[in-house]
Structures are given as C-alpha cells and as structure tokens.
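In the two complexes below, chain A is the common chain; its partner is chain B in one and chain C in the other.
Take a look at the complex of A and B:
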C-alpha cells in the first residue's frame, strides 16, 4: 500500500516537474564579476544586483520572444580579480555555456583583457562602471558614464563656483591618467593656465599623504582651489585623514571624487568626507517612485535572495548595510535594455539584438536613458554633496547628457 | 558632537512651576544642569527671553525654514551682529555641522536642537530653536531623540560658506586666539573693505602675537586691492615684510597686471610686488625645507615603529618571519576591538558564529583614552600570538631559515583569512581620539598631532628596547643566545625560554606598531602586506642584527623618500629609493652597520 502511494506521488511529482520544465524555457546569461581578490569588495555588489534584476524579470514573466516567455538562467563565474582570467572566463561563458549576453567587468584592464574574446566569438558584453573612454567595440555596450558624463560636468560646476586652480590627484593607473589628460585639455580650453593645474599620482595602497597634503595646502593658500580626485579604494582613508588634520575642509578646498559611490562609503570614515562632492548618473537618495521601488525591492531581496523560476542557488549575498549606487543602477538598466532589444528583435541572435539595441529607451530609477549608435547612453548627470549618513544630496543636475567615448569629439581636437 | 544647552533652556523652570510637580522637578533639574554647564545664570536675561523670543532667533528659524537657498543665505547674513547672543552662534554652527534637526508634522515644521546632556539610551531633550523650550508630546512630556536616529537639516556648500562667514565675524571676538586668527585669515582673503573697521577695532584689543600678525596681514591684503596707488604699494610692501604666504598668489597676479599695464599701475606697484613676492618666496623655500625635514622624520618614525619588531625577530634571532605584517594586523584589530568595548560595542563572527560585545558607551575623554589602553592591550595580544607561533611552529625550524620562511608565509595567509572571516573583508574603522586629530602650525610648517605622536612613540619604543637589551638580565641572556647559542646553553642560559621571550617581545612590538598605525592607515586584512616589504628593507639595509642600523636605515629611507617626492612624485620617488637600496647593498652587502659575531658568520 505504502509503495503504491509513493509511486503515485512520484508520478504526480514527475508530471508537475515536467510541466514546470515545459513552461519555463530558459536562456543562459553570463555574470562576469570578481567574487574574490582585491576587486571583490566592489564587484560582488554588481553580481548581487544582476541576480536581483534577473529575479525581477523572471517574476514578471521573463523575456517575451516569439510568443514564448523565456526565463533568465544566470551563469555566474569568478575571474578572481585576475585580469587574464577574465578572458578565460569570458571564453568559457561564450563557448561552453553559450550565454546570450554577458554582464560584467569593473576595471578597464579587465575589460580590455576580455574584449578580444568578445570580438572573436561575437559575444555581447554590457559594461557598467565609469571609465576613461577612447574605446568602442561593436561587441560591447557601455552603460557606464563616459568622461564627458562624469568628469566634465563637475569641472564646469567648479568653474561656475569661481574656482580657478585645479589639483588633479589620482591613483596611478589607466583611468585616472586618461581622465586627467582629457581634463587638462579641457581646463586649458576654459582658460586655466598650466601653472594653476597640478597633476599628481600615487601608487595603489599608498598611505603617506603628508607631502601631497602639504602641497595642496600651499596650492590652496590663495583660495579658489579645488581637488579633482580619482583616488581609488581605501587609499582615500589616509588621504582624507591627512587632509582633515591639515585643517582643510570642503569649504576652503572641496574635493570632487569620481571613484567614491554609496557602496564605497561603507568602508570609509564618512565624517571626514562630509561636504565633498561626487558626480554620478544615479544617487540612492534621489526621490522618485521608480527609485524608491528599486531601493526597497533590492533591500528586501538581499534578505532572501532567489532567482525565481530557475534552479539557481544564490549564495554569498551580504544582507547587512546594503546600499544602491550608480554602477549597480547601470548594471540593472543594461539588463532591461538588452531584454527590450531581444523582444524587439524577436531572437537572441547577437547581430540582430545589437541592431535592436540602438535607440532603445528605458525609464530608469532617476530618468529615461537612450542607447545611442555609439553604444553609450544618454543619461542624466548629478553632482551630489556628501552627507554624514554616507548618502549624497543632489546640488546640480545636468539633463540628458549624451555619452561620448572619444575626447576629440567633445573637446574638438 | 553635541550642542551645549541653549541659554533659554533654563528659563522654562519658572514658568511651569504651577502646572505639574512631576514636570517641575524635571524642569528644575534641567535648569540646574544647564546652569552647571554654563557656569552662570543671568536671571534678568532669562526673564527677558520668556517675554519675547529674540528677533535673532526668529530670523534664524525663518532662515532654516526658507525653501530657497539664496533667501537662506540672505537671512544668515542678517545675523552678523548677533554674535553676543551665544545661542545664535551655537545654532548656526550646529546647522553647519548637521546637528540641527526638523520636526515635521502635517502642517508645521519646527527646527530644534538636542540638549548636550543625554540619558542612558543616548537620547536627549529636543529644544525648539525659536524659543529654547523643550518640545513636548500631547501629555506635556518632553520628547527625547537620539541624534543618530534623526536626519539633520540639509545645507549646501554655498550656505555653509555664508554661515561660516557669519560665524567668522562672530569669531573675531572669540576668547580662543586660534579661532580668532583663522577667522581673520578667512575674512582677509575676501579683500572686502567692509571688514576693515572690524579688523581695525579688533587690532586695538588684540594681544596674542599670531592673531595680531593675521590682522595686519588681513588689513594689508584688503588695502592691497585698493585703487589708490600709494595705499596699494605700501600695503604690498607690508605683505612682503609679513611674509604672507596667503597673499602670494594675489601679489603675483598684481605683478603680472602691473607689468602688462604700466600706465594704469605705475612703476611703484611693479617694484613693490617684485620685492614682496621675492621675500615671500624665500620664506616659503625655508618653510619647505623644514617641512620636508619633519615629514621625513615622521615617515621614518612610521617605518621604524613597523620594523622594530622585525629587527628583533629577524635581526637578532635570524628567523625570517613573513607573518610579521599579520602580527601587526593583530595589534591593529585589537585597537578596533578595544575601541568597540569603550564605545558602542561591536559585532564580529568567530568561525561562522556571530559574537556581539556590549560596549561601555563612553564618550568624550573616557572614550579617547581607549587608544592608550589599546596600545598596551595590543602589545599583549600580539605578544601572545607571537608566543603561540613560536611554540607551535618556529621552534622546530630554528636552524632551517628557508623552511621558516615558507612556514611563516603560510601562517600569514592563514591569519589573513581568519581576519576576513572574523571582521569581514572590508576595512574596519578605527577612529582617531580627539587629542590626535588636528595640527598646529609654526612658521607655516604644519605639525599634525598624530604624526608627532608617532615620532614620540618611536623614540619611546626604541628607548624601551634599548633598556631591555642592555640593562636587564633578560637582555643580557638574549644577547648571549643570539651571539652564540651553544655556548650560552653551556653556561646555563635556558635558550628555549629566551627564544620564546624574545620572539614574543618582538611580536608585541609589532602589535603596538599595528595599533599605532591604525591612526594613519587602513585597518584591514591586507594591512600586513603593505608594510612587510618596507620592514624587511629597513632591517636588511641597516644591517641584520643591529638596532642602531635599523634606526639609521629607517631615518635614511624616510627622509630620502620625502625629499624625492616633491620632485619625482610618489611613484617614481619610491622606485628611486628602492633602486638606491639595491645599489647600496651591492656595495655593502651586510648593510650600514655590520655586526660581527661567530654565529652569524657561521
């Protein structure tokens, strides 16, 4: 009797499973973010928000292709902050897993290292983190802020505030160097003489900012000076400590940081950063119904993370003290833009999706974005002032700034 | 940061006396405490304040509630002459620092401050900005808030600047000479002739030298912008005499204009600006020299503090301890834990189990004392960690340096992972006690307190080590064992025990170094990795087995680095230092000071 009952249950279960399997046609999508190593602190948040977005889409019925709804099945790999490994993992995603699209990369060097793979295998990569531009691959869509969307607006703002001297301080790698090169040209166009621009780089993990702060102190002695900082990661801590100890404040010498978003704030002493500025295309503090929903849904999701409809086991999501930030928002919008393009093209074919992506519009948490033919977004840009809570208060908005990767286009040679 | 109770807080007592005894008691207590805090009660002023909320307060409240930030700035400017009313100053600075809050109900918005005094839960009575009365709920009980739960009234940098200017004008008559001086410098920069009478009148009563100098500077700088060539030229010359660094930029611009447009400015201006600029530049060059010297010494002290433990374990004992950096991190995390115990408690996980420790909840001076305690405790914890390392692993490897290198490297990886599991992979925040924040200035050279502390600490630790090695019997035994282990053992020195003690002492020093460095660097799992190379570099350069060598090498590396940095930049400067060390070791492979002993040569 018992065995028969069991058999019946087993059959029912099997039928049930078959039904589920039949209803849920899935498509594999790659997530290429470091989950270990130095970059894990930043990149793990992007993996989290991508899984959250897949869950959002699957819950609302998946992607509608050719009259069917297709659910997203994530394939998460860990390139471990190791740049050559990014290329290997990208190849694995494209050749072995045959994913329809890949969302990933943080540092420029990781993007550069897997770019040839995407071009060779004709894959599709969505890149969400502010970068230096001067690159355009037909296989990459840059939802990230280009230089003219993140670096130029705050410089304009500082010029308008009457700042006449600019101290460009950065970590020593490709993004700060390229950005500062462009900014120097731009400042010269705006009539700032070379003698009033200082350009300084420090190695990763630098802790001794005495000399630099002393030089900033004399640089700003006559007033009207500001600092454009592309310092990365935790080097900001010794810098801002030394800065505050020297009696410099956001009132006599404001710092605009390009690499500090809400997420980075979790590891920084907010007290010493109060009043300094940030520039992004999204702030968690912006009050719109869409953003409130995004933030609330995400904070709810991290407490019980799942990807609905597919058998993927979500792990490694830290539920404590979570925030949303610009790279996270851009990651999420990338997924939606891709989804819309797939629905428009009616197929996952990369070439067709690519064509369909151009001109695709999406109403994001803080305004509508449009994908341009140059694979960059038209997006709103915000300058925010840091509050003690680790949030930003928007003090200036630039609407619909068209991202442009090549500096000679917006600098005019 | 807490705001001292506004003056009017104490005025509520007389009014409420007839209403309710319970509340009266509370009010009287508030009255008593407030008067204790302020030291005096002026009953007449109190009576006046009950009658009408002061106009300044009304203006201030209006300014806080204004929607438009230009309007806010205008209202704040209006308060320039309200400096004598201390509540205005308190409220303005509270606003600027984000300690002013808004109570929003359906149709009213009430700005309020929190009383400085907090109860056991960290909550404080809310005092209305308009009249200083405590905010009450429907039952008439004062509402209490915790500052951490409230969102401060927003400010923009422009508004904060306006608040700062107003506060600076108040500050011209502040009892603290440093505050007066900063305010004068700030206002002088604006070169606004409107401030001249304020400066002049201040100069009459000013007695402190620095503040007088700042006043002269501000007056001359303001006059230097004048259209009258006689006034201008003499003001410029005066600025040169004062060696005013802050006005150099202005003088140089003036020089450029005068050179380009001699008709408008005349010969006098040109020669005056040239002379003044030259004087100031010479002064700056001297300042840079001394500044570089101090920064060099301070960097040397940092390296020395970090390397001294290694100078003992590697230098004297010849153990290549790759886990030295992680022992430092043990000390740094100890400082973090002690900070948590003194303050608001902390949360960490030990092998997956979350441990929550309740803190003492101290603030102010008691909390700041955590750092001194942390230094001592970190010596103990890191010493114990070193002891454990020596007992379990290193004692089996004393004659096998290569194996000890590999083993300790493995230990360093294990320790890093333990830190990640316990405290998370992100950095933890170790705050600076107030006595280590800030700096003072001598002849325009900046001396930061935390840097001075580290220099002093380095001297102290070197002295301590010297005392131990040369004045105690343990020191004698250590030296004996290090020079010739077999012979020392023969004459009855317990070499095992001496090894153990020496290694624990070296590790303890590393731990203190870690706690000390938490003041200037990040505390995270990779803290050790950042310093290990510098440490080995200094010990090897100084000559293995020689403390004097380590000290001189640290000073050499630190000062050279700081001298090169302004010319070559941080990256190239570091490369040059490393290259120079390699070349030096080619020339003298045994380092600066060579220790001759039989065991080392064997």
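Take a look at the complex of A and C:
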C-alpha cells in the first residue's frame, strides 16, 4: 500500500514538474546500448543508469545553457547486440533524431562499428567500458578504464606481493589479446623471464577447463604464481568451478579478473570467486557520502523509474537485486562531464563541447576525475577482494592514474 | 527468353524505375529542405535492405523452388563480404591508426613477427590488393565452399532436416574459425573502418620517384609547400631522412618519407592560399577546396594537392578510389545493390521458367520420382546450391561497404535463420515474396528498434508466429487467402490457388 501511495505521489510530482517544465526546452540525447541479444545482460544496466542520471539532472533543473534550463530527453534505441545495427542506429540517432550526444556501446567491435559514423557525422560518443586502447577518435570520449588503469596496477600489486610467475588467461578476442600483449611487455620490463609467463586463450563460451586448470596447477606448483584473467562472461563459471575442484585457492594462486564487476555477480555465483581479485575505478562498497547517495538514489529510482520533466516512458527496468558497478559509474560520470562542458561552452555545438570537455573535472562517487586531452580520464584505481555477497572489499588504492590509450606511451617502444 | 505477363512487366519496370532512378535523384538533386528529399542515411539503409533481398532470393531459390532448407546462407553472404572487405582493408594502406602498410589489427597482433618476409601481411592477403582479384573471389570463394559442401552432402543423399542441420553446423564452424585471431581475418572485430573503395590516396611503395632528391628538396624548403611539409615531420625523422638521403639509400628513405607524408596527409588539409601560390591547381581541385571536405574526402584532396605541387616527384594516381562515406559513393552503392537485385530477380525468373526450373520443382515435390525417372538429382541440387551461394556472396559484397563492417557474428546461424524468416514472411516459392519479406521485415526492425526499443522483439516475434500459424504462404499469399476466405467460408488457406502449388502438409514443415 505504502509503495502504491509513493507511486501515486511520485506520479503527481512528476506531472506537476512536467507542467512546470513544460516551458523548458529539451535536448535529445541518444542511448545506444543493446537491450536484446547476447550483450543485453550487461548493457541494460547501463541504459538504466543513464536514464537515472538524466532524471537526476532534470530534477535539479537540467542543463543551463545561455541562461536557459534545458532538460534531457532520452532517445533509447536497441542495436540488439548486432554490430552492423550499431552503425545503423548510431546514424539514425545523429541524422534523424539529431541528438546532441550519444552514450553507449559495450564491446569494442560495436564501438569500432559505429566509429566511422560518428566521425562522418561529427557526433559525440561517450564510451564507458574498460577496453584495450590503441584507438583515439576525436569524436569519442573514453570514460572507460584504459589498459594502464586496469591491467598495470594489479600487476604492480602482484609483483609487490612477491609473485614471480604470471598466467595470462583470456577469451580469444581483441581486448584480452591486446591487454596480454601489453602485460607481457610490461612484465619483461619488470624482469620476469618469458619462461615464467604463460598465455592461453579459449573461445567464447568455452566450458571445458580441465586441461587448462591442470596446467595452471603445475605452473603454480612452486607458489609465487598468479593468474591474470580476461575471461569474459559465462565462461567464468566453469573455469572457477574447475579451479576450486583442483584444490587451487586465492591463497596459493590468486586470480585477478578484469571482466567481472558487481553487475556480473547478479548472474554469476560469487561463492567460488571469494578471495580472488578485481580491479576497477569504482566499487559499490566504497564508503563515501557521494557514493552512498548515488547507490541509494539509484536503488530507489529502479523501483519507480521515471525521467522527470520529459515525456519519456521508462520501461524494462528490473527492480530486483540491483547493484552499481564501474561501467555504470563511468556512464553516469560521462553524462555529468558532458553537461558541464555544455554549460561551459554555452552551446550544444559538438566542436565547442569537445574543446570544453578537455580539462573538465567532476567529483564522482569515489573521487575526482579529470578529462585529459587524450579523451581519457584521470581516475582512481582500486583493487578489491571478492566477497561471498558479490561485493568487493578494497585492499589497495592507486590515486589519480592518468588513462593512456597507446601502450607505447607508457611502455616505450 | 522469359515470358512476362503485361502486369508483371509493368510492375518490374515501375519498381526498377522508382528504385533505381527516382530515389537516387531525390537524394542527389532535391535540396534537403524539401519534403521530397531522401537522406543519404535512408538511401544507404535501403541499399542494405536490397542486399538482404538478394540474399533472400538465393534462400528462396533453394528452399522455395528446390525444397532445400539451408540454414547457412549467411556464410556465403559473409564470405563475399569478407573478400571485398579485405580489398577495402588494403585500400586503407598507410592511412590507418598506425600508418603502417598493413591493416591496423595486424599491427597490434604482431603479424610482422609472424610473417617477416612480407612485412606482416599474410601471403593469402597479398592478391586482395587488386580489386579485380577480390571481385573474382567474391564469386569464387562462396562457389567453391558451396560446391565442396554440396558435393559431399548431396552425394551422400543428405536431405530434409539433416541437410538443414548440417548447413547450420557449417556456418557455425566457420563463425568460430573466423573468431580466432590466428585465422588472420581480424578475429572478433572483423574488418572495419573502411575508407576507400576501388583505390587509395595513400602514398605507396614506388610512388616517390627519386626519394633522395625529394628529401633534399623538402629539407631545403625551396617553396612554401616544401617548407610546410618538412616542418610537419618530427625532428628525429628529419635527421634520419637526411642521413638516408646523404647515404643515397633511396629505398629506406622512401619507406620513412612515405610513412611521414601519409601521416601529414591524414592530419589536416595541407592547403593554404599563400603556401600554394606558385602551384598551378586544376579547376577541379579548386572546386573541391571550396567544399572544405572532411576526413577521407580531405585525404583524397591532400593527395591531389601533393601531386600538383610535386609533379616530378610524386607519382600521378589517375584514380584514387571512392571515399566510402561520401554521399555520392553511398548513392552509387545503393544503385549497384538495386541493379544486382534486378539482375538476380531476372536470373531467377529465367531459371525457374526453364525446363531446369521444372525439374527443380519436381525435386522439391518428389525427389524419388525424379531420381527414378533417370535424372541425377544430386547434380541439379548442387548447381542450385552453388548458384544460391554466389547470389549470397554478391549480396554480401555490396552489404559490407554500405554498413562499414564485416565480422564473424554475421556468420552466426541466427543470421541465416533470420534470412529464412524473411522468405517465410514474404512467401516462398515465388519471386516477389522474398523481396517483400526481406525489405518489409528489416524496415520494421529498423523502425521498431528505434521507436519501440524495449518491446520490438515481441512485435517481430509475434509477427513471425502469426505468419507461421495463419499465413502459410506469407504476405504474397494473403490476397488469395482472403479471396478463398470470402468465396468459400470455412475453407482453409491451403486450398487457395497460387502460382506455386504446395501440398497442405508441406507448408507447416520446415
């Protein structure tokens, strides 16, 4: 009953605000995340957090441009985990809807698919998911973690912990390949010989980890070994199961996973991962007033999702078991950085906003970020230990790590 | 010769006129402010649908006319796409992210260490430098794969649902193979970031006539353009270039100078009025300068400017290819897709109206009888299978430059099943149905994923279920179905007359 009353009040308030805001101008902003297909499980959360952020901004008066308040009107499309469709939808958003900016993409291939469209139409894309770097488009802002923000810190940590042997395990696609290539170079620089580095790739959705775990067992026999995992999605379940069955634990052979965040644990049993490590620029468990507010507001929002002030019907938001995670935080911060840049530039003009974005600072839930001239963020990096609840306990913090997309810049040729 | 009824001739001519003449003209000549203007985005989208329609015609030739339900047609579609995609990757040449002579993904996968003798390019990529070769492969590769698979399958008399499953397995296996980075086709990301079609403005090996002299000329800065170009080259490279020129090591000098000049060509327009005051520019170049082109258009223009400024040093490229994202190129690709669809339609129309077509349908309706009448049905089926693969390959080749990416997920079994659904929705066993189905379903998908982003799978899924249950002959069969319903209340759709008679039980079966 209480929730229903709340809903009614919320609706009344929304209608009231809509009436007040009726005079306000709106600006269209694109949301380009797969809501169906294989990537929907990850990307839907990003769509949710984007709508939540638009609601947050609209509630607090929208974007102030040239003395006016402009409310954000979302245009949500579904590229359906279909890469050519990403390009089509991106073009539709830019050409037909004339959106001022687009927030979206998860996989690198989806980003690569729509990159030429953003360059041709001179659009703006904010990309929030950790990726392999080696790319810099003037039309894309990468709020995501670059390799030197997600892969290098845990390796440093492992080296400091006295680990001497590194087993690089990944799904066979570009992100793990490139990350591991960079890590191998980095490890060599740190004096780890080739014989102590193993590199293995498995196909997507691989389930048979018996031989690999056996080889890990013999590899880690002398102790001082760790695993850097870039395994993606479902395939983690059989891997960690087999890993535990073989008697390996986080004590004798810790695994650092780069692709498992709090949101993945909604569909992945955390039990077998307890004690293993993750590395992100955000954890839900970090206690700061800003983060507590973000988490609470978001969890409240998913129960009665609306975008205040504009006629947009929010649907498909799952209210159960919701969490926040790094890509979600980076999505949200992307919106705020864009908002600030628009306010600074006093216009939605892409070229002017792009210039204004450089040097833009935002105090996020877990620390301040700065947008650099290379379109990547300076951000805090955290290493966390997995808990049975699917949360992470921070065990190490690296402050203000500057994202750098090109590995030769931080490794040297 | 094909015998057309007057109505059909009129319809085909009208559709071809509207599709191939009116729409492109509305795009090219009507100003964007007008309500009749067709945007390049829409035209390019229609072009994509047309290539899908070509694929659907191939599926229909197999399923509707020969009774072979192939769930792997997208393999051939993708193979055609990959062949042309490889050529377009080669056209990027030294203008990619890393300014190396090989495609970007080969650079970061460290192919130069794997294929040192070719500078990183896998040997089987080399002939794809030539468009004619890639074009030939667009036809030959799908044909060869289809011939091999078909020969094995039909010789063993694999048919019905077993053939469907095998074809699905084939495309899935290929998909997994292409996913692997070691397979040298770009792995999961596939081929993307195409810039030019049919040529490249990049300065390639052998295009600088006397590298040592050219380096000297640039470093002395005799004119405005030389001064500007030299100032853009970073200092270490300047030093190295001078050393190479002094030592008269032209070949090494050319590689470095080529790389540096390509970087400059890709960074920004090199033109400035004062800088080019002594250079005679062709009126055509002046016209393009006025348009202030961006990105790849700018690259093309830069190359022309460079050639005009140094006619003795830089080789004249007669033809630098089309800029893939240029509206004119998009229009041309759309027209090509339309023309391909028309030709495929006419070909299928001809094939099915010949004696061959009769045997084809006989194979569909009762293969054993045809076999016992003394026809080698396996050879007939093999021919149709190879033909459909070639049709799919051609469609794929035109699909790729219009959408700008080809990757293994296009080979997934789901994509092939989608193609079968288009044919089922449009109506199989005739030539209009698949075209209607492909264009209709994809238009609906484009519309619904935008306007009903959350609900569209239900809309499309509901449509498919409805069509399968209540419209066994698809959209094309709808008029006769309605007629039958009105004239004989209580009769079923299957009793209705149609151009391609199907037994009642057959329609429900895959």
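Note that the second predicted complex is superposed on the first by the 391 of 413 C-alpha atoms of A that agree within 3 Å, B and C clash if a C-alpha of one lies under 4 Å from a C-alpha of the other, contacts with A are read in each partner's own complex, and residues count from 1 in each chain.
Going forward, a residue touches a chain if its C-beta (ideal position, glycine included) is under 8 Å from a C-beta of that chain, and two chains touch if they have at least 3 such contacts.
Since this is a predicted model, take the numbers as computed values, not measurements.
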Chain B versus chain C as contact partner of A:202, first or second or both or neither: first
First, second, both or neither for A:82, with chain B first and chain C second: second
Which of chain B and chain C A:234 touches, first, second, both or neither: first
Touched partner set for A:172, first chain B, second chain C, both or neither: both
Which of chain B and chain C A:116 touches, first, second, both or neither: second
Touched partner set for A:218, first chain B, second chain C, both or neither: first
First (chain B), second (chain C), both or neither touched by A:95: second
Which of chain B and chain C A:269 touches, first, second, both or neither: first
Partner chain in contact with A:108 - chain B first, chain C second, else both or neither: second
Set of chain A residues, in rising order, touched by both chain B and chain C: 172, 201, 203
Residue numbers on chain A that touch chain C, as the complex places them: 35-36, 76-80, 82-85, 87-89, 91-92, 95-96, 108-109, 112-113, 115-117, 119-120, 122, 134-136, 172-174, 177-178, 181, 201, 203-204, 315-316
Interface residues, chain A side, partner chain B - complex: 40-41, 172, 200-203, 205-208, 210-212, 214-215, 217-218, 221-223, 234, 237-238, 241-242, 244-247, 250-252, 254, 266-267, 269, 274-275, 385, 387-389, 393, 395
Complex contact set, residues of chain B against chain A: 98, 151-152, 154, 156-157, 160-161, 164, 182, 186, 189, 245-250, 284, 291-292, 295, 298-299, 302, 425-427, 429, 431-432, 437-439, 446, 448-451, 520-522, 524, 526, 530, 561-562, 565-566, 569-571, 574
Chain A contact footprint on chain C (complex, rising order): 39, 41, 44-45, 48, 97, 104-105, 108-110, 176, 179-181, 187-190, 192-194, 294-295, 324-325, 403-405, 407, 409-410, 446, 449-450, 453-457
